[in-house]
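Below you'll find the structures, each written out as structure tokens.
Next, two complexes with subunit A in common: one pairs it with subunit B, the other with subunit C.
Entry: the complex of A and B
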């Protein structure tokens, strides 16, 4: 019989300092308190060893396009940074320029261009360098597609090319791209996205240039459909005010199916294995008879991530990619902070190598 | 129409320095660090890391205007180290944190891919029956 005393959850989950309270109309204890100076006489100095000990990562579900994993023991700022980076700063390739040679469809040029831009492409962004405004397009920063399609009437009145789909995009290799890509022909990740519908006689003939970018410039470069996290739910029963057996079924129906177990003699307990499915609807808080016998909580540092990939990345590599981006950011700031330190120590201490050059680059000691 | 170019959010301009420090003249051991072309992602991370270090008496950040791609990080220390030094250590510690995270994450995935012991949500090895055994189901 599972109850909070013989729990599947690690006992530290029941430490009230890790709990965010969920009440009928508000939440409480949202901010973390494990930093120095918060609890008198306790040392909460950050240490790598302690962090390593508390950190757990575990995969919960992995499919072709999505992954769900738990990240336990990190601060919300870290969890949120990775969520933001996955959405906005992991690079992908997307169509940026659309040159319209002919478009007699009912879709206007600019709408067509917008729709083309949003098509996710299966190109590894590592093979490309970004092309900034003013840069000359060449084979390392631009990928060219052709979309040339005409609708016509076939035998017995059948309409040919009625639907223009993302599968109609034709890659036009430039420079050394043919040998670089080999068998990995750049296409849309999904070949069945309808771009436009045509009637016989209508033509679309456009040239498309795809470049590397990041989601914070435009959402078309975001590699994810969603990247979200939620905190692990927790339902705590009050042993001094148990649920009376005749109300046990009503109590159970206040929660997601499986969360509350009712024994044959009407005894109520929480099934930890299904706890993560709890929606925290707070239905139980609406009933007077359950007042004081149950508390709804969330675990502040237990993040349940759900990431859906929609681009070239497999879902399980998106998180490592975001870590790479994050490391790049922090390394840049550290180098700059070191340069500042060298500056403040004066030219005699820092020697010639210390200051950043005209590009802001900093020489680092090997 | 007059919106700033979107690439200005993350591309450093010609000769622009990523970090600038202004010493605070009215408060001892305090400085304001201006970090250019970065947003809440990094700002909040640095702030929380700084707060977890005992030498730091105050750390906070603000993004003065959502269209201006920089933030200000205010740091005050207890005097044993300078704000710039403490920022540098914070970066080093964050890199350690993230490296640990990356290692654990990668290990978790290789572990499962090899067909080793499957664990359920609570680290208990799964024997094969029940919902938890099908943790790798496709939608």
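Entry: the complex of A and C
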């Protein structure tokens, strides 16, 4: 089953081995099969040259807050690793300690602290080292803010400081921080987040300590609002059972706008340029008259990432950051594995039972 | 965490020549587990490779590797890690290239 001849997609996309079937109530062929021994007589061992040949990475849309890019030619396990790292292991700075000197608002101290922790800060995490439990706070691992606000009644009954927002956070430079940050004054990325509402006479006076962390510890350290991927949709028409011209419009309306083209004489074709917009609603599979004339597929190794940044990183640098973290993890495991190997090749080669002497404190890249 | 926990431990029951062994990798999850499993399975000398997260509140994964021809699973593991690193470098280069080409839609997103 081939699609239209004027295809914008590379022909290899129509290779049935790359297809995940989308049916009315199930999906099929989800697992990848590109392993040695799966297809007799074919070589599916790892080859970097072959991988490079098949790999396509292309950025599609970029705004100041989000990015959409395609990663084609990798396995789901790899694509998923980067997605997971973007959410949970790319570090950011967030408020961790809240010292409440005074709080007479209706918001309880612990709720207030929780809300403060979730404020995204515009601080480059590369400038900081993580502060582990028991470490002493100092200028390289802790950022201090002050939030001191009192609500009062002004002229003609106007209420001053009714809303406490993230813009009210005042940075208190410590040690070298003033010279390191220069003009980049640490603040919230969004200054309009309401933290609390006050009535005249109510006071909030807190000191905040922000530290470096990762999303797997607490979501407040996650640098993304969302980081997701989906597989590229594919609609295949069956040339031996074409759509009759009088049903062409009905057929087209089963898909997202633009996906199906109808020629003036009622001939139906797929517009590959708009295929990625297809929602895969499966509406077409509900109609008896279209049975057998169309197949819905997704391309198993074509990942369309959508990443929204919420914090200090520009959206386009989040993916390279995740690769950096991944390589740091690989390096740490590799160092340990090599230490293990050196150990087993040592004088008493009864390796398996011997206690491994792997270096547990290998440094991870920030 | 305590410094005493090694990054990798070989669990008991491994073959003396390490042709079949289970590696317990500390402080890792599905992120590395699944990617590494895939890369190990791309090696034709690997008879079996699988990983598990034994318990969600235990911070480690178990990676089982069994080799053909009595080869060392540890060498295969190290090779897979090298290959995985090459893969990361390749993807990074391609992404940077695409970003620098500037051939994409730029749009203004209201926050």
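Please note the rule applied: the second predicted complex is superposed on the first by the 343 of 366 C-alpha atoms of A that agree within 3 Å, B and C clash if a C-alpha of one lies under 4 Å from a C-alpha of the other, contacts with A are read in each partner's own complex, and residues count from 1 in each chain.
Here is the rule we go by: a residue touches a chain if its C-beta (ideal position, glycine included) is under 8 Å from a C-beta of that chain, and two chains touch if they have at least 3 such contacts.
A quick note: this is a predicted structure, and the numbers were derived from the prediction, not measured.
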**Prompt:** Should the superposition on subunit A be reported as showing a clash between subunit B and subunit C, or a fit?
**Reply:** clash
**Request:** Please work out whether A:75 is in contact with subunit B alone, subunit C alone, both, or neither, and reply first, second, both or neither.
**Result:** both
**Request:** Return first, second, both or neither, reflecting whether A:218 touches subunit B, subunit C, both chains, or no partner chain.
**Result:** first
**Message:** Applying the document's definition of touch, where does A:273 land relative to subunit B and subunit C: first, second, both, or neither?
**Reply:** first
**Prompt:** Where does A:190 make contact in the superposed view: on subunit B (first), on subunit C (second), on both, or on neither?
**Reply:** second
**Prompt:** Is A:8 in contact with subunit B, with subunit C, with both, or with neither (first, second, both, neither)?
**Reply:** first
**Asked** What is the shared patch of subunit A, the residues that subunit B and subunit C both contact?
**Response** 35-37, 44-46, 48, 51-52, 55-66, 69, 71, 74-75, 77-78, 80-81, 84-85, 88-89, 216, 316, 319-320, 323, 326-327, 329-334, 336-338, 340-341, 344, 356, 358-360
**Request:** Within their complex, state which residues of subunit B touch subunit A.
**Result:** 5-7, 9-12, 15-19, 21, 35, 38-42, 44-49, 51-54, 82, 84-85, 87-88, 91-102, 104-109, 112, 119-124, 131-132, 135-139
**Message:** So in the complex, the part of subunit C that touches subunit A is made up of which residues?
**Reply:** 3-10, 12, 14-16, 18, 21, 23, 25-26, 28-32, 34-39, 41-44, 74-75, 77-78, 81-92, 94-99, 103-109, 111
**Item:** Complex contact set, residues of subunit A against subunit B
**Value:** 8-10, 34-37, 43-46, 48, 51-52, 55-66, 69-71, 74-78, 80-81, 84-85, 88-89, 132-133, 214, 216-218, 272-273, 276, 316, 319-320, 323, 326-327, 329-334, 336-341, 344, 356, 358-360
**Complete:** Seen from subunit A, its contact residues with subunit C in the complex are 35-37, 44-46, 48, 51-52, 55-66, 69, 71, 74-75, 77-78, 80-81, 84-85, 88-89, 190, 216, 316, 319-320, 323, 326-327, 329-338, 340-341, 344, 350-353, 356-362
